[in-house]
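The structures come next, written out as structure tokens.
Heads up, the next two complexes both have chain A, just with different partners, chain B and then chain C.
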Partner chain A sequence: MPGTFKRSPLKRPERPYIALGLEGSANKLGAGIIKHDSDGSTTVLSNVRHTYITPPGEGFLPQDTARHHRQWIHSVIKDSLKQAGVEIHDLDCICFTKGPGMGAPLQSVALVARTLALMFDKPLVGVNHCVGHIEMGRQITGAQNPVVLYVSGGNTQVIAYSQQRYRIFGETLDIAVGNCLDRFARVINLSNDPSPGYNIEQEAKKGKKLLPLPYTTKGMDLSLSGILSTTEAYTYDKRFSQTVEPSPESDTITPADLCFSLQETVFAMLVEITERAMAHIGSKEVLIVGGVGCNERLQDMMGIMARERGGNVFATDERFCIDNGIMIAQAGLLSYRMGSVTPLSETSCTQRFRTDQVHVAWRA
Partner chain B sequence: MSEPTWHTVTVTIPLLSEEHARIAKQVLDVDRELQPHAVKRVLEVQGNNLIAKLSTLTIRLARLSTNAFLENIDLIVHTLDEFGTQ
Partner chain C sequence: MATASLIADSTQIAQGAEAVSDPPSRNTTRKVYKAYIHTSFDSDAKVPILLKHRFKKQYRHPSLDANLTRARVAGEARALLRCLRSGVSVPGIRMVDATEGVLGVEWIEGKSVRMLLGGGAEGEEEQVSDSEEFFDDTTDAGGESVSHVDPLDEYQVTIDEIMGLIGSEIAKMHKADIIHGDLTTSNMIIRHPFAAKGPSPTKLVLIDFGLAYTSTLVEDKAVDLYVLERAFASTHPDSEPMLFAVLEAYKKGMYKDWTTVERRLQDVRLRGRKRSMVG
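And then the complex of A and B:
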């Protein structure tokens, strides 16, 4: 309604609040410490991450990923405390990813969170991973009320805020866009260091041909598994060669051409469904969060669409768009300051946790 | 119909103190077993010891649940060690 001003229910803190956030829903293990000061400012005190990187051609499996997290979590937490210059005694709460994500890795992190909470008598705050991405994106970029495109290896959603919920406007009907890109990177044996998505982006820059791929937006949603199958099928085509240089004149199909074609197609689809959501709610801002949000080509394409609509795109750098602990601390501390605490008996993790299940009490 | 036979494994983990054993029990008790009809886990604190009694319907489940329990208690003990002196 015009003229209605909603005051944020989150009051300025009367003293500084400090929270530790622990993240481990996929192959990235993160610990971050955030401070909300009495002047209303938010400061990242530390953001430490260690990634489980598999050899080329291999993805990461739950048991191995959980083992990696168990091996690294103590040193990651200690580093984050040291860099922030705080001790566990100084924390107001311990935040951890409750879900969604992979079961065994999530549980490993939750066990440590619970143990620390009991050892130091600190409250626990279970956080939704997707809400963590959104809140960190809002904090870093200052975007007021954007349409959020959340794109990662595990999730692909178009989200808009309304009445204390992050509503899902559109999403993938099958696999996430990051999963599609990562699985194709495996097929062509790209390195997973620092991440398969980064290496696909670099490879795509060398591509010279746009090959026809199915374009599968489905209204507000999109489907990606068919595109992956078709792109993989091209590698069995007799024109495919791993060794030849990409060239627009010749008939050969190179991995670079396929990376380029795959990115252009899926990113165009993402831009379309984001634009559809923007048209629905009359928004001009787009905030891209999640690991795939690091991709500069996606940011560029989204920027072209946003500027045509008289708006702009917000994105964060790899410290914040790739899974990290600080986003869990941020979302957790906002929740904690509104009075929300997760009792110990409810600190189990869950692989399915919808973004719109969270009551966003800290916004009007 | 014959009664199902249960395979049992009892594991005793000595910790540094009764308080540590209680913390470990509280942390582990939060999560249910993935197949609660086929795997029963009961934890008990006796002095400084955490005692886990696992009853399973198959030998394979006995191996899996014991392995999972040991991995988890190892993680908790490491956490108590690494941060206990702070």
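And then the complex of A and C:
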């Protein structure tokens, strides 16, 4: 309830706590170390990431991604410890992504987490990836009780907190928004470096024309697969040309125009369902998390909407938006401080793990 | 512009939460006004109407916004008209200006079902998305200081009766192949008994057809019911018996079409990504 203040069940730490977070649910491999100090402050000691980048026109396959993670995990963890200036013995717990995500990459990282835990006798904490994003976003931006738009390659959800759960108000009925953008980047052969979404964003800045695309919101849910097909169909249109410069007058269709149209339509839908959720629960804060959350056009549109309603938008940059280890450490340490530890027999991974399955013990 | 001057002369309707929140009237995706129009040239009598203004969304690309607004206003008017023709209890249409994004409908004196049922946790803040048809409640404008009379008594209805009406109205609407798209208890109004005059006054009025469309598909009807189910669960605690009563009345209204809708409704309940699929 807005206005009523409830005491947080999370007690102030009596000593500093340090946690290592390991993330590898998709093509990013991350390790991060976070410290919760006894004065109540939180410090990011290190946040190291290595991304598996595929050639243009190709996506990342589970087995190749897992191979990449296995190859790099040692150096990533070593780097994170070195940057943080801590020894592995100093850690209070080791946090890893339990799900949701791709099976093989999740397993390869969980295996490392388990091994470390047994070697150094540290407790393990399994973390829901989505909750990790939300908690890191809240920590970095200081947003109190925002409506959360979680947009990434695998997830598209509008989330609000209520009674110790992050409840899903609206979500995609088919593919995730990041998936939609990434796949279109593949269609027009954009580079995957640093990320297909980033290159779409740059390309869209050159776009001049808004082409008609389906606008498919269903209540608070949305559907994106038809938009992808329609955008792709434009590339077979006679007017489509990859060599012409975009111009508002001529009737040619350029890749830039398509990127522009795709972004404008999809983001308008996202902002609309977020606005609905805000109206429904009466919140004035929006927090954007997830890889697509780095997109500045999305942040702009959300900002305009929030200001129209007299609220504001919170967003983070690529360090914390894109999958990273530190968010796993943050969410894991919060639940560790509430006394939750994952016993070794339950440190399995799961590809299906909904945001609303997690009991959020650390919030009132 | 005739439409613009009508809006300028009208009063924006104070909504429940706006008394306590500031800045005011920013809580829905449209603005709603109460305006008066003359019924004929020679008389001075004015009747109240409700104006819904879909204002320009700055965040949307202008041409996308214009297209959406035009399509949605026209679609809403079309759905209302279709409902009226099929005998579903909805507000009558008074004026349409699709390019300006303004729709004028009959003013309905009454209270939303959500208010009558005591609205659940977020009760006082009548802020459900797009719920903007409002009622001017002169008796307890103070909001919180609700009069001692049980509103259900004042409106001379019982909860069972309301649930029956909801079910049968939705069935009538679905029989006419209209999908509401946003069935919540805020989008249903019980007419005040004093206002329910005329030849055959209907007690329950379905409002806000902003997301409505026509479809013959069982799928769409089932999703429509599922939306209502979720809305009930999130706003009214212990809503299962109420929802059961709604579905009973709906079943009666749908006759033999019910079995297919029921089967699909069970499928729809299982949807959503990344659910654990054990067994």
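Details
Convention: the second predicted complex is superposed on the first by the 360 of 364 C-alpha atoms of A that agree within 3 Å, B and C clash if a C-alpha of one lies under 4 Å from a C-alpha of the other, contacts with A are read in each partner's own complex, and residues count from 1 in each chain.
To be clear about the criterion, contacts are C-beta pairs under 8 Å (C-beta built on N, C-alpha and C of every residue); 3 or more make two chains touch, one makes a residue touch a chain.
Quick caveat: nothing in here was measured; it's all calculated off a predicted structure.
Room for both chain B and chain C is found when the two structures are superposed via chain A, with no clash between them. Once chain A of one complex is fitted onto chain A of the other, the partner contacts of A:87 are limited to chain B, with no touch recorded for chain C. Applying the stated contact rule after C-alpha superposition, one finds that A:203 touches neither chain B nor chain C. Taking chain A as the reference, the larger set of touched residues comes from C, when chain B and chain C are compared.
By the touch criterion stated above, A:353 is placed in contact with chain C alone, chain B being left untouched.
Of the two partner chains, chain C is the only one that A:304 touches; chain B does not reach it. After overlaying the two complexes on the shared chain, residue contacts for A:282 are found with chain C alone; chain B is out of touch.
With both structures placed on the common chain, the touch criterion links A:171 to chain C but leaves chain B unconnected. No C-alpha atom of chain B lies closer than 14 Å to any C-alpha atom of chain C in the overlay.
Once the two complexes are overlaid on chain A, none of the chain A residues touched by chain B in the first is touched by chain C in the second.
Residue ranges on chain A touching chain C, taken from their complex, read 1, 100, 155, 168, 171-173, 210, 212, 215, 218-220, 264-265, 268, 271-272, 275-277, 279-282, 300-302, 304-305, 308-310, 350-354, 357. On the side of chain B, the complex with chain A involves touching residues 23-24, 26-28, 30-32, 71-72, 74-76, 78-80, 82-84, 86. Listed in rising order, the residues of chain A touching chain B in the complex are 70, 73-74, 77-78, 87-89, 107-108, 111-112, 114-116, 118-120, 344-345, 347-348. On chain C, the positions that touch chain A within their shared complex are 17, 21-23, 26-29, 57-61, 63-64, 67-68, 121-122, 125, 127-130, 181-182, 211, 223, 227, 271-277.
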